[in-house]
Amino acid sequence: MRIKLQKSLAPNLVSQTLIPIVAILASLFFCAIFFVLTGRDPVEVYSAMFLGALGSEYGISETFVKMIPLALCGLGIAVAFRMHLWNIGAEGQFYMGACAATWIPLSFPNLPFMLMIPTMIIMGALGGGLWGLLAGWFKTKWQVDEIISTLMMNYIGILWVDFLVYGAWRDPNGKNFPLTAAFPQSAMLPTFGSLRVHYGIFFVLLIAAVLWIIFKKSKWGYETLVIGSNPVAARYAGINIKSNVLLTMFISGALCGIAGMVEVSVVVGKLQPGISPGYGYTAIIVAWLARLHPIAIIGVAFLFAIIHVGGFMLQTMGMPSATATMLQGAMLFFVVGSEILTKYEIKFTSSKEGEKNE
Amino acid sequence: MAGIPLISMRNIVKRFPGVTANDQINLDLHSGQIHALLGENGSGKTTLMSILTGLYRPTEGFISVCGEEKKFASPRDAIDSGIGMVHQHFKLIESFTVAENIALSQSSNSFLLSQEEVVEDIEKLGEKYGMSVNPRSYVWQLSVGEKQRVEILRMLYRNSKVLILDEPTAVLTPQETKELFLNLRKMANDGCAVVFISHKLNEVLELADKITVLRAGKVAGCFDRNDTNRYGLIEMMIGRKISVAQSGTKGEALGETVLEIDDISALNDVGTLGLNGLSLKVRAGEIYGIAGVSGNGQRELAEVLAGLRPVKSGNIKFYGEEITGMSPKNMIERGISYVPEDRLGMGLVPSLNSCENVILKEYDKPKYSQGWWIKEQAAVAATKAIVEKFDVRMGSIFQPVKMMSGGNLQKLLLGREIASKPKLMIVLYPVRGLDIGAIESVHKLLLQLKEANTAIILVSEELEEIAELSDRVGVIFSGKILGEFLIKDLDMERVGSLMAGVVEDKGESV
Amino acid sequence: MCMFSKWERVLLSCLLVGSLAVAGCGSGKKDTDKGGKTKVAFVHNGSINDGGWTNAHSNGRLALLKDNKNVEASYVENVGDGADAERVITQLASQGNKVIFATSFGYMDSMVNVAKKYPDTIFMHCSGYKTASNMGNYFGRIYQARYLTGMVAGKQTQSNIIGYVAAFPIPEVVRGIDAFTLGVKAVNPKAIVKVIWSNTWYDPAKEKQAALTLIDAGADVITQHQDTVGPQLAAEERGKWSIGYNMDMSKAAPKAVLTSAIWNWGPYYEKVIKEVQAGTWKSGAYWGSMKDNVVDIAPYGPMVPEATRTLVNQAKQDIISGKLNPFAGPIKDQDGKVRVEQGQIMSDADLLKIDWFVEGVDGYISK
């Protein structure tokens, strides 16, 4: 008997959803081996992790707080990736969105809530969107590879925020520490009761639903799908690739910018360095694991939030901080690795048959 | 020719999961003989040759070389037994010289090779068979025909006694083909057994001593050259009689002028002039055949008409309107349809399903969309209609089209283009890679379109196909139409020499 | 938001059931006081093995554990300044920790928020300026040690150029550069201190590169204000000298390190816990000095001459006794303007928000 991989002709929905779930369970099992080897009880570790993230009202709230920026950036990234436009710049767009949104409460602190929040959202979207658009323009104008340009622009975006908070925007009453003044109450998105989870969750749900419909039913969704799958055919079909690159980069950046706006508006309450612990990069993995499906992105972002929040819980048990990173890495490895099983099926053959020498 | 065959394949069976590619095949190859292997795509020719060259192991049956049973565990074993093959896609390293490529395949034990020795040997071999190639040239400098010679020389250099050539004439001009045939005959006379895989009947009839026809994995028949004829072979290949497509109004196109190309030039991908002062006119209801060796500006012409390639000079009129340099979208809107040779690379999106592919060029017309949204049901209905009308076979219209066979892909592509009711269609190599059944239906579709008063430009390498379908024929060479013929005046010999760039002194129709 | 909480409870119960099934009737024990021990937790933004800032705090924790058997101390490392800090501090408070130390400036506002929700927990924030009834802040006058190391560097330099790889232009860093330069100037008026900003707290490669650049610009003594030994390694590699920071860095670069300006948190942590255990703890701002043994300089390397050692040791005694204050006037800024008059001493309030360089610094603070 021999085991043979054979191209699967019709990948079915069941295997497509079941296999990633099995892969995630397998990655948990894989990490459990490490826990056992280091003398931990994996059941205790995982229950501490999940209870830390989901075992209390506070934990769940915090998990959502973490999920919101991951999901928003993941959605933004999915818009671009679907067109095979590799926007690695979510982190920079997040910072530029946060920065543009911050300009409103700093310059017009007396705006009423109903005016303040919408203008902050618009500014956040513009900040991130224009930052993405710039990379798109480089691509259409001079064929600059967007992977390089967006990656480099991350550093510029982050340093730009540093420049402002160390300089012009520094809180005059902040003893020269690199922080802007705290936002007025009118610039803060409302939270649910005394918890930290906030109305940004509605942005996630709304944007995911809209994208889902757009991807499935709209002309623009169709255009980007064709461009992403076969740019030669897209040109042949008369689809304007340049304007789609620009539009897509703008929308992709705008969603990441909104994530930045939400984060400064409610979670941080001011602009300061280090507002993102790499959301823009983690969101790439989130979008990828979710196969760019808007609804799945919410689920994967939630899972990553659990690992992240629960991961800190593990530290108080004396586990190293790398545990959460290891879990994330194992999940990525297993899910991407298992993708071969959705494309191929395993066949058991007798050794005589179907052999290829070479 | 009696005696022990050089190669004898007995009762060869090869099963792949779900398919029996070869079923009880017997094949004898004698030295001094040119043996043609004929069959439609998927009839098992390639599998059989892969077994002979050690790429696959047969499920059942055996191979004997000079009467001695052999088991090939790897392609190396087959090479050592004197079996060599020239594949359709050359297996040469572009950045190496000819001599290096040939030396690379050396199976001798010596680790170091004298470059000079190899060069000398190659020159000797080349001289002997009239296949001159400079052994010191780099492969990327060579033309397609020269590359093929390198492949053949490589086999001879290895002392191969059995030479297998897979569709060797597909890439050659008529002149080159003639030379190749002479050389192959010389090799046979020197004691080699030549296997010639083809689906071009007249070549087979011209060259072969013995013909084996495969159909659906089985041997449909094995003849001496003189015991068979063209029609017998075709019927054997497809297993039934074919009707020769005939156009009723052939050569009498009277419609108004649809397309008028005047002296256009355009760059090709390498940045040289792919089109160099090309002019032609096509009328409604006319099929204008463009004959020529591929790479002489056919693709560039089509892409200029589709708005995909910028025009350097000259102009194009469509129903009197100047359309030079318009965008692909403008061209589509005017009813110009381009059916590219590369179905999955350009004409269709492999990872999308049939419905999504059917709306590709018209997704933003009211037919398939409303405002911002795609009308999904309209797309499904249109796809079902195309599938039914053009007899496209597939698992489901919701499966990615990359799972479909070449013939069905071409029918889907043509079906989509025909359904868009084009006024002008330019179609490139429409039957390339298709089997005879599919070729027949594609030709019928083109003729139906012509009946519907569409102007058609048909680009093909197959002179037979052009002669069969066209009303007028132009020969393209180096980005220019070198000669034009009404179908009734078609002179195949002149077409052949024009294809090679030879213009005769008579001054007519150039 | 009643709609949300209803939905949330449904989700919560589903997930709880699932989690408990995994846990096999998990162990939900909430241990406020394990056998009367005081539970203490530390939150760090770096890794406890960084060889720098966080490592120094971690050593303080270990010292605390060694000397006070009635303490149980845990830590959480690599906690970002953004959304994570507030959650981690909250979780630690809810787990029954009596005292929580947070050792990054960026945690300040998060800690203020959590302190409001947990009035019975004592919060200690390092390097900030906000306090509350149950939240104190603490820091050390490392500038005193910086001044002394500046003297060592000033004596040692031959090129009269000293390189300083600085993190970010915040008062803490600027203060260190100024004190160091004043120390240099006190023994060698001709020397200058060249500053390069790395804009990093922890990037060994980049910080090393910055040090190499300074060496190429002629510096023969290198110091830094980050949490790595990158600059020390650069000096060792090029055969130059170096002044360490945070911890004694002589192990990483034995041939280069003259001495180090070091933190010594153990005694302070012990003091706080004792006060808490005795019930005498009071909120306030603590700025520990060399006298309290919170800051110090590490033992000299063998290359430091006896004369320098005597000189610097004397200055150390003078700082401890109060006779010497690094920020005593006259002090001029880079433009030559007198900022602190003769006979005056810069106030703590001014020191805490300092944003200008003293004369002798070759560098620029972006504003």
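Letters A, B and C mark the chains in the order given here, with residues in each chain numbered from 1 onward.
The definition used in the following text is that a residue touches a chain if its C-beta (ideal position, glycine included) is under 8 Å from a C-beta of that chain, and two chains touch if they have at least 3 such contacts.
Quantities reported herein were computed from a predicted structural model and do not represent experimental measurements.
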- [ ] Count the C-beta pairs in contact for every pair of chains, then give the pair with the highest total.
- [x] A-C
Task: Per Cα centroids, the chain farthest from subunit C - done: B
TODO: With chain centres taken as the means of their Cα atoms, state the distance from subunit B to subunit C in Å.
DONE: 74
TODO: Would you kindly tell me how far, in whole Å, the mean C-alpha position of subunit C lies from that of subunit A?
DONE: 33
TODO: Between subunit A and subunit B, tell me the centre distance in angstrom, where each centre is the average of that chain's C-alpha atoms.
DONE: 47
Task: In the complex with subunit A, residue positions of subunit B that touch it - done: 15-17, 54-57, 59, 72-75, 306-308, 327-332, 338, 340, 345-352, 356, 359-361, 363-364, 369, 372-374, 376, 395, 399, 403
Task: Complex contact set, residues of subunit A against subunit B - done: 6, 9-10, 217-220, 222-223, 225-226, 229-230, 232-233, 235-238, 240, 347, 349, 352-358
Task: subunit C residues within the subunit A interface of the complex - done: 1, 4-5, 8, 11-12, 15-16, 18-20, 22-24, 26-28, 41, 47, 74-84, 86-88, 90-92, 94-95, 105-106, 109, 117, 128-129, 168-171, 199, 352-355, 366-367
Task: Complex contacts: residues of subunit A adjacent to subunit C - done: 43-44, 46-47, 50-52, 54-55, 57-58, 60, 62, 65-66, 69, 159, 162-163, 166-167, 175-178, 182, 192-194, 196, 263, 267-270, 272-277, 308-309, 312-313, 315-316, 318, 321
